[in-house]
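Next come two complexes built around subunit A: one with subunit B, the other with subunit C.
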Partner chain A sequence: MDFTEKKIEKIKFTLFSPELIRKMSVIKVTVPDTYNEDGYPIDGGLMDQHMGVIDPGLRCKTCGGTVHSCPGHFGHIDLVRPVLHSEFARIVAAMLKMTCSSCSRALIKKGKIDQDMIGSEELLSEMRRAKKCPHCGAKQEEIKFEKPTTIMEGKRALLAIEIRERLSKIPNEDLEVLGLDPESARPEWMVLTALPIPPVQMRPSIILETGERSEDDITHKLVDIIRINQRLEANLNAGAPQLIIEDLWELLQYHITTYFNNESANIPPARHRSGRPLKTLSQRLKGKEGRFRYNLSGKRVNFSSRTVVSPDPNISINEVGVPQYIADELTVPISVTSWNIEQCKELMRRTEYPRVVYVTGKDGRRRRLMDKNMQELIDSLDVGWVIERQLMDGDPVIFNRQPSLHRISMMCHRVKVLPGRTFRLHVAVCPPYNADFDGDEMNLHVPQTYEARAEAEKLMLVEDQIVSPRHGSAITVPNEDHLSGAFLLTRKGIKLTKDEATKFLGAAGIYELPEPGKDGLYSGKAVFSMLLPKGLDIEYKTKLCREVGECSKGSCPYDGYVIIKDGKLLHGVMEKKGFAGLLLEKIFRDHGGAAAREFIDRATKMSVYAVTHFGFSVGVDNYHLDKKMREKIEEVRAKGIKEVEGLIVKYKNKTLERLPGKTLQETLEDHIMAVLGKTRDSTGALLKDYFGQENTSILMANIGSRGSMLNVIQMAAFLGQQAVRGARIKRGYRGRVLPYFKTNDLGAYAKGFVGSSFMDGLTPTEYFFHAAGGRESIVNTAIRTARSGYMQRRLINALQDLYADDDARVRDADGNLIQVVYGGDAKDPMRAKRL
Partner chain B sequence: MSKSEQKKKFSVFDHVLVPKHEIVPDPEVGKILEELKVSRDKLPKMLPNDPAAKEIGAKKGDVVRIYRKGPGGEAVYYRLVA
Partner chain C sequence: MPKIKQDSSIDAGEAVGIIAAQSLGEPGTQMTMRTFHYAGVAEQVPLGLPRLIELVDARREPAKALMDIYLEHEHRKDAKMAQKIASEIEYVTIGDLCSVVENFQKKELRITVDTEYASSKGIKTADVVKKMREALGKEGKIMTKKNLIMLRLNSNCQKMRKTSMKIRAVQMKGIRGLARATIIKDEKTGEYFIRVGGSNISELKKVDGIDFSRIYTNNIRDIEKHFGIEAARNALVKEIKQVMDLQGLPVDIRHIMLIADAMCARGTVEPVGRHGLSGGKFSVLARAAFEETIKHLVNASIRGEEDPLNGVTENIIIGQTVKLGTGKVRLAMKE
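Take a look at the complex of A and B:
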């Protein structure tokens, strides 16, 4: 392709002078109205045809163009009294401050200025501080600016007409001292005497279903301005009292201020009849939904689709299940070459999925393939043509879930066309996308060039993203039932008959058996080992390690130490730390992404089979306590409460020892929080003993597949202390949180301790405390997401075109050196060994 | 603290967190730029009124070498005074 390189040397923004506004205006707008009864634009009105046309059939009276060819032209109105431009009011005030109120010279002697000083802060502040004019000797009153458009001199508000007068008297050479270029920005131009009226194309009226016309907000605002301008003119001509004139003048100022920005400070927004604030010029440009971010930086794409996601453990992590409906609709371009021309023709002959939808010839003309032109197109198909066929199994696509916070929020998957209406994804890729299946939707994009396909496959394929570049540990990991299943299978004493072992391995797509044990049975570990790559050696402590004395390694009674030699699991069980961490990362780094993918795919299927084979469920029985156990828990709770009471007594008779840097009261609160926290945690050990390791809830907490000990405690024992802002709940009435407590009761129950469990149910006051604590965490998440979102936006904007060059130096798009060595060590955390 | 010590000029380099700075002699600059594959104006910048630059007497246009300690040992950084 040919490029003509043109560099923009500079862009200069200047102010409109009233002369320029009038010069470029095609019509002076005088009528505060739009259309007449016949629906025809009124001459001299806001929809005057000189400013362009929006109705088909009419022609622009300035250029003769139609709706499609005329870009529109500016008109203007002459304001009978000058009005401050609110966006420049602050600058105007600064100019007045730095110039003399009577002779309008800059408040500094000529001799005191040398060329380098111009624009310096010292010079400006000297002028601002001047009390007397060095030229005419006039005393200077203090000038104060009040938002949005008032400028006070001493105690008197200056009229726009006076301001304009003063500003226009400033000599050109003094303007340079003030930091203005008189050619492009005379300060009096900041006080409006003529207002440009934007072309109608910028503010088209819309016709409602009822046939009524509805005008744009900008037009509404302009109507207001013209109307007030006319009233002001009539009153001036009639010689109305000064007071009325000033009121109308101020009203005109208000309308013009809100015309530019309807969100200016200290001023009520102008509203539509319905009470909705008007969207005026500033509002059109500003913010996320403004012209810049929404229309100019915002882009839309084709060849993409979006639907709800649901899980499928039977597909590969590299795959994505695509509904037939979507595969029918999306297309992939195929270049016709001498090697594939026959296959292309074959594909073109098809009338059902997968078929060719479009054919593009060498002339670049794109034609839809239909029955009637099929033969003709097949006959003329030639090398260099491009056919677009429907999406097929194995096509690389980019799959994404918003918010796209890191690079693994967009990964390349291979298509697998499936029945149904949802995208199917493997459960192990939920963590990188942060997806679940409670109604989440995801997007899919089909790369449209060979280069894009290659990049997606080589750089973004899921199997190459198993380890996160963020922290160097696995992120595409087994979870929940997948972990539980692997645990159940690899546990001590699991013996499978040949028949069973065959089913386990068959589920994973493995059709050979390991060596049987001496008893002719197959151990779960041996069956699981079939998933591991040959030559894998690793040893690690699992989550089940109890840290009792010296590690007994291979003879650990809890199976808490994993030993894998040459791909054989000799000792230890699968749980989160290894199966979703160390082991997986080892396979990824030593045996590659493909091996890791195969491991996850097969292990998922085998684990799902295992979890159904052995059976695994949770119910209320998991949390049922007998009478004796209830008493035991009650004892622990009572002891904690008593301890708190003891602390309160000590606090009241001042025998409590104050902690360094804390008040006595803070010390008490700290101690109480610690005691109640300890009380709750101590029930954990009791519950573990009572329920035993076989209780599915405890088991899941231990191996890390779902839930934690805290969840078990809160269901079976009690909820414990609720906190707001990290302390006991204290807000509410004076001296008490709720009217059900005595004032100044410091006891545990009066300050948010919940002694009931979820199994018991909560008392009304407990329910209140729990809700208060729960609300805080919800508010915190909401604030956190908003804050981190904005931070992310700023970071992305700052870093967007930095890259690590092939010499490992970080540069930006201009070639500036940003970092001498990427990350200080040029290491890719994804491939670096864990310490 | 004795009087003479008080008079002694405050030095940013006395602080543990301020790394060693030195002006790169002109003949060496070319070699460095070649090694980093950048032109002089594409080097990272530092202000002429940077306390460290002032102290070593670096002028506008000088290249400063900074020895910084990082997790991977000592690393060398370059700054153009601009």
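Take a look at the complex of A and C:
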């Protein structure tokens, strides 16, 4: 590997002078046409071979290169009359405004200029306002700029030729006062007398299926320019009347303006024969699909693949299951050294996966390894060669899911080649990627240098990203069934026989048993403890803590307080807060990423076994209410409705107390929303009592593995008030939302209260209200993604250059100091304790 | 105990800016757009994504400004004093106090003063008439009958409507921009403070009895103007943190501090975007790649600008190693 030292130190932006345009031009283009009847480039035409070639088999007449090696060369045309460059017209107008119309000096006295003032707004505006030249005393007429290229002096439009003349008289020292760098940009260069013709490579023609050639938009525009230029020349030579000359001149100006920018204000865009506006230079560069953002800031890559992802809890979180088809296709380069040359030869002899696909010699020639050249290449293999072999188990790859909103959207995994056609992903890495398996696709990239591989493994490996840099809590976490399984295993009173315990541990890849209890059985906690690293001490309150009175810690009746001593779970159960949070973070911080990875890998496998062992399912039964319970719920609901009616009566006879700053009606709406919200939530406690903690839905809500009490309530009790824009649904007909209600009915059911449950099904009006609420959230999501995407783009762009130096000072690319000590304490948010 | 000794210091060369930007941008997709009910001020205050965007934009006027005004130390637990100041600063117009009804046929305006409300503000009908006269100049004839004020006008409908709007907007009391003052008791300290909609620090300076040093507004620009850039930076941190906390989206405060510091690094609060941080960059390529591509290229060329190629985008564009993280250092083999 050779080091790439920085090659480009800086880039300077300047203007071309006409002399330079002619000097760097390889040919003067004179024919407004491209190819002749034989499909061969016309000499002196726009596709002249001096400017480069795009047809395979032809050679560039300037450098002799082929399609692949010739970079292209500029040509030029001489304009018979000067023409304003539209993008600079505004600047030209400003220059004219600030200089004398007769002597072309800057409109300010020499003595008045202070070195510090140069470029200042006051100085510029003083020059702009000057009515008389301080040098020659000439009166200055007002200069006005009209988009896109007209400059008026008083009531007369200035001709480009006059403009150019005036500009060229401005002395260099005055230009500096005007804010121009005379070395880089003489103002008269903004009025074109020669137009560079970009190389053919920049505007390749494409051959349609019919065999016809279709030229690039830029070429079309150049044809127009040359044609008009020639007509203007002919008319000038023939001594045509001034009127005709001026018309043609203006036409030339139009074509050149649209050549640079086909979206300039006040002129109609030039169109293709089909009526589509042409994409000219400006359009090529700007915007999301422009050269800068589409091709320069973001580049396409090789050695990548993409397919659907599916879950696999049996691989490690560090791994990614790669389909054999993809492993066959992707390659990894191996440098041949004196240490590995024999292994390399061994690999080259293989005819089946994993085999070597390409061999690159010292001469840099890359050859495909085939049966017939195998022996020859093996024999000539030498240190310094590079072989490219197929992707193998253990290779570091970068795995990614779009949108890549944060750095953990791209992490390094190790390859595990598997049968099938999908990428396999451990379920615990879904949260950082925000992936699910409803058809999501993900990308995989194979780093191609040793540095890249090392960086990927050391900096981007999943086990080092278990904790998010955003907030310092775990993000690569067990979820859903993994939490349920761990809970079922660790809860109170779980006793396993030796046979069972062996199976649990075996599932997790542990082949030793903990000490059995006095009864010869193994407690679930003891089995689970085998997953924990030795020396782990932690105590915390779980989600199951009910916050009743003083915490009884180790003797908590709900097993809601976890005590782990030296890697032994003594008390408490596993649930989301600990298993996917505190406990995991503790292991990550104190025992390192590898230990945390091992814990997740094994614990999830054991949990999956636990879930299948104990059995865990959800069904319609979970939400079935008996008659008595239905009546109870009905009672609650009726009470809420009655309360609302009471409020409405109070509102109608104006005894309702107005909230400060609100109208009476707003007050009523507020109260009703609160009452109905409270009504719905109050059924939660009833349902909890009725179903009991063993109901799987309630259990999942409690331990945080899936769903919430709201989901249970909406399925078993009723949906509650539907809202649009944070208020009851009110739009529709006059005085009512739907024609099924009486006008001005303020009652709960008329304004979007849904009294049915998902189990019972909704009435038609309820269904309508529910759909209205549902639509709002869909619309909101759509708007939010666009808005937050743009905000993030701006944030990234503004802050991308900031870095912490070795003293934790934060600086930007220009060297400005942003923070004296990063975060005030020089700590990494990911590794420091959460604030 | 077998502990891995983990150094929790930030790594040299770490791209802390990008991490901060991502840490604020990524949760943006999960935020709600809805407005929020603030304690006391019975008004919808934008929170979540709209408020966050407002903050990083460093808008001159937030959509809904709010101020917290604390009293001088000796009155801090005096609810009556708080009430008095609150009613003193609350902006009240004739439109707030009265109902203004136009009668285009009779060419008169019937203005009925809500005496109950007015007297709570210490305003009499006569005061309203006086202020009206001042505003109207010589226009119209005023007749008063108890709490009913009749204004005879001799003009057409359009002008009458204009006059009525003008009368409604006449200031009776208080400070411009400050509405809906509410007294809130701070449960922790037992002290009373006034929360008021709108922001107007300069006028509050003239009010007696308030602790000017503790005044707070959610208008960052106002804070910058009156208390300086450091205060503005702290307010930015506080406001952004509050947005994230209320959404239940944890973000490490270091990220927020970095964004606030970057916005304030040049001595004024600058927005994140083309007119602020991104637009002020030295690099031509970085600016061109962000927004307004052509403008930046054209201006760079006439000034003969040079791009030193130090930033991220520039180096990606030209295909060189970015000078961040591992690209910041170079390795040498030990002899």
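Throughout what follows, the second predicted complex is superposed on the first by the 539 of 835 C-alpha atoms of A that agree within 3 Å, B and C clash if a C-alpha of one lies under 4 Å from a C-alpha of the other, contacts with A are read in each partner's own complex, and residues count from 1 in each chain.
Note that a residue touches a chain if its C-beta (ideal position, glycine included) is under 8 Å from a C-beta of that chain, and two chains touch if they have at least 3 such contacts.
Predicted, not measured: the structure shown is a model, and the values here were computed from it.
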Subunit B versus subunit C as contact partner of A:Gln324, first or second or both or neither: neither
Partner chain(s) touched by A:Ser310 [first = subunit B, second = subunit C, both, neither]: neither
First, second, both or neither for A:Lys12, with subunit B first and subunit C second: second
When both partners are placed on the shared chain, which of subunit B and subunit C touches more of subunit A: C
First (subunit B), second (subunit C), both or neither touched by A:Asn816: both
Subunit B versus subunit C as contact partner of A:Gly824, first or second or both or neither: both
Touching partner for A:Ser756 - first (subunit B), second (subunit C), both, neither: neither
Which superposed partner A:Ser708 touches (first subunit B, second subunit C, both, neither): neither
Where subunit A meets both subunit C and subunit B, residue numbers: 805, 814-818, 824
Residues of subunit C defined as touching subunit A within the complex: 1-4, 6-29, 31-35, 41-44, 49, 52-53, 56, 180, 182, 250-255, 257-259, 261-262, 265-266, 272-273, 276-278, 281-286, 288-290, 293-294, 297-298, 300-313, 316-318, 320-321, 323-326, 328, 330
Of subunit A, residues touching subunit C in the complex: 3-4, 6-15, 87-88, 91, 179-181, 183-185, 190, 261, 282, 285-287, 290, 292-293, 296-297, 299, 405-407, 455, 459, 469-473, 533-535, 537, 589-592, 595, 659-662, 725-726, 780, 783-785, 787-789, 791-792, 794-806, 808, 810, 812-819, 822-824, 826-829, 831-835
Subunit A contact footprint on subunit B (complex, rising order): 36-39, 42-44, 70-72, 75-78
Residues of subunit A defined as touching subunit B within the complex: 805, 807, 809, 811, 814-818, 820-821, 824-825
